[in-house]
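Going by the order they are written in, the chains are A, B, C and D; count residues from 1 in each one.
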Amino acid sequence: MDWTWFHRFGSPPHLYGLAGKLTPWFAWPAALLILAGLYGGLALAPPDYQQGDGFRIIYVHAPSAWLSLMAYTWMAAAAAIGLVWRMKVAHAVAASCAPIGAWFTVAALCTGMLWGKPMWGTYWVWDPRLTAELVLLFLYLGYIGLRSAIEDPQRADRASAVLAIVGVVNVPIVRYSVEWWNSIHQAPSVMKFGKPSISWPMLTPLLIMFVGFTLLFVALMLVRARGEILRRERQSRWVSEVVAQ
Amino acid sequence: MSGFLSMGGYASSVWPAVALTFGIIVWNVVAARRSFAAARAEARRRVSMEQAP
Amino acid sequence: MSDAWQAAKLVIERDLRLAFRNRGQLLHPLLFFAIVTTLFPLALSPEPSRLRDVAPAVLWVGALLSSLLAIEFLFREDAQDGTLEQYALSGRSLTWLLFAKTVSHWLLAGLPLALMSPVAAYGLAVSPDAMPGIIGSVALGTIALSLLGAVSAGLTIGIKRGGALLSLLTLPLAVPLLIFGAQATARAIEGGNMAAPMYFLGAFAVLGITLAPLAAAAAVRISME
Amino acid sequence: MLAHRLTGDSLHVFRGERHVLRGLSFAVTTGEYLEVTGGNGAGKTSLLRTIVGLVHAESGKVEWNGRSIHAEASAFHAQLSYLGHESPLKGDLTPTENLRFAVGIRRSIGSREIAEALAEVAASGFADRPVRTLSAGQRRRVALAGVLLAAAPLWVLDEPATHLDAAGQALVGRLVERQLAAGGIVVAAVHAPLPVAEAGTRRLGLSSK
């Protein structure tokens, strides 16, 4: 089998250039979709019969939560590729996913708490989704902490890759176990988060937001990954050519 | 308009949530560009250092 | 195959012998566990019914924290004196040797903790009928915990002051163990049916046995590079 | 007698940001001793760790008998005995116990064999004292007994004679020569040349840039 295409595609200068070209194609649609989705969600969608206009927080909460999980999955997949094929570019992608994912985990947590205040009367109850999101934040912080604790950049890449893979196996287990824990302890009257009676006029803006956040994530990741590639390829000749321009 | 702004009484939750998410998006855009610019500046510094002597 | 068993046996025998020549280190996590479980009645109240309510939480948080203390030392000496390098270059599977090392770690840390937990539980006003269930749940839960700890310990080899980082890496991953472990203990105390949480703990142990040694070997190789 | 061959081909190795080995090549065959010299930080240890496979070269490859050492790592490691900077011994165990565990992981071994090896490195006198109580030179002798007992054709030794007195240095030279005569290969990083006959010796000087 001929692998040269793979190596050419996977070569850092090629991907560096490609990422630069692709970024605007993700960034601008992301901006448009997020603005459109926000307008649709906040102004056009009808209020929920039970939660009133309070449910509109879901238009920022759910996409943030989605992004936080997606970033972790990407991070682990890129880490696995980097570990198996010793591919620097994949490690660069994994390294760029972590801060983005961590920030949107914070966004999901804070918006969830803001939803909780009027619905539960307090900012924090041990809702299973919020709890799982909190554990996810700790996983991100552990990953970032391990990365920054190892001085040798290649070792940092590879060690954090192992952690990301172990973590991604754990994420669904955490989700499930937290649900199980909640089902045992929960008082039945408490309203669960994020389940308004969904209708199409409500759902459409939400789907737009999901697509917008996905594109946003890719755009952010591409910008960061270009920087991470430069950091890993300092000694290469192509970097001095690119930088000199 | 005022009805839209008051969010049916949920304004104190909805608008902070939207503002916070928006802030985090903007911050991430800024941080990503900064991180790239820093890596580029670092690489440039290194190249000029190698060419100097 | 018999050679591989022989190698694993020797790894375990070496660790056990070293531990018994240096008993102090073996006892520290256990003492820590004993003290933590003593602090709770002092901080809360000596009232038996309230103590019984929090007993599963106290036992499991205490077990988790004292295991972390022990895990910190899992690879430290072997990494410093070059023994881990010799394992990696022995021609045997490093995954297998590290699995053996994790077994000895469980024998030296997890099992004593399980055997000691009834003493702590008795102090928390738990009735003696619950003790077999408590021992079983702690013993089963610490298997997966040791395996998980082996991965984090492998990742933090050679990091100065890695103790806090080790906790940061391990504790979030241990959340499912805490949930099901504490639930199993709670049911043992109430005299309820322990089957469901025990199955989960067993499943985690199996998952850990199949995956964790691989991850630990990868982590150790990376940390030695 | 099986002929062995160890080659390194244009090895580039980075340690963090430092480019320690820049396109290094070498070849040694049965009966040859490769002596690696160079100042501190010249990359001697990095080279040895690359040869045994603990460190991956950024580019280039190490081959044992024509096959990449990473292709069948455990088969290669079974033919390798590596002695690092530190002597891999446990302070709370005696030399005899240490060797029983360390060598036993590789192959089954009897106590007679261990006693003979310890006698060979003049360590019989302290074979049953905890290693903790031994001097650095005595420990090095025990570690060398471990290298002998591995019975591997390839020895890779990092400063084998460090901490050793004059008699100990001569001993290392004798052990290396015997290994070469038996058809083995020895690679050693040293500060001062080992007393080994010139005939089979190849030298590799590393310079810190």
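Rule of thumb we're sticking to: a residue touches a chain if its C-beta (ideal position, glycine included) is under 8 Å from a C-beta of that chain, and two chains touch if they have at least 3 such contacts.
Not measured: the values here are computed from a predicted model.
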**Asked** Most remote chain relative to subunit A, going by C-alpha centroids?
**Response** D
**Fill in**
Ranking A-C and A-D by C-beta pairs in contact puts on top A-C
**Complete:** Chain with Cα centroid nearest the overall Cα mean is chain C
**Request:** Let me have the rounded angstrom distance from the C-alpha centre of subunit A over to the C-alpha centre of subunit C, please.
**Result:** 32
**Message:** Centroid of subunit A to centroid of subunit D, CA atoms only: how many Å?
**Reply:** 48
**Request:** Could you grab the centroid distance between subunit B and subunit D? Build each centroid from C-alpha atoms only and quote it in angstrom.
**Result:** 54
**Asked** At what distance in angstrom does the C-alpha mean of subunit B lie from that of subunit A?
**Response** 15
**Message:** Could you pull out the residues of subunit D that touch at least 2 other chains?
**Reply:** 56
**Fill in**
subunit C touches at least 2 other chains through residues 225
**Fill in**
By the touch definition above, subunit A meets two or more other chains at residues 154, 234
**Message:** Let me make sure I understand the interfaces: which chain pairs count as touching?
**Reply:** A-B, A-C, A-D, C-D
**Request:** Note which residues of subunit C are touching subunit A in the complex, please.
**Result:** 151, 154-156, 159, 162, 165, 168-169, 171-173, 175-176, 179-180, 183, 200, 204, 207, 211, 215, 218-219, 222-223, 225
**Item:** Contacting residues of subunit A [partner subunit C, same complex]
**Value:** 83, 135, 138-139, 141-142, 145-146, 149-150, 154-155, 158-159, 162-163, 165-167, 169-170, 173-174, 176-178, 180-181, 184
**Message:** Please output the residues of subunit D touching subunit A within their complex, sorted ascending.
**Reply:** 14-17, 19, 56
**Request:** Within their complex, state which residues of subunit D touch subunit C.
**Result:** 52-56, 74-75, 77-80, 82, 84-90, 92-93, 97, 100-102, 104-108
**Asked** Which part of subunit A faces subunit B closely enough to touch in the complex?
**Response** 34, 38, 42-43, 47, 52-54, 56-57, 60-61, 64, 96, 99-100, 103-104, 106-107, 110-111, 114-115, 117-118, 216, 220, 223-224, 226-228, 230-231, 234, 239-240, 243-244
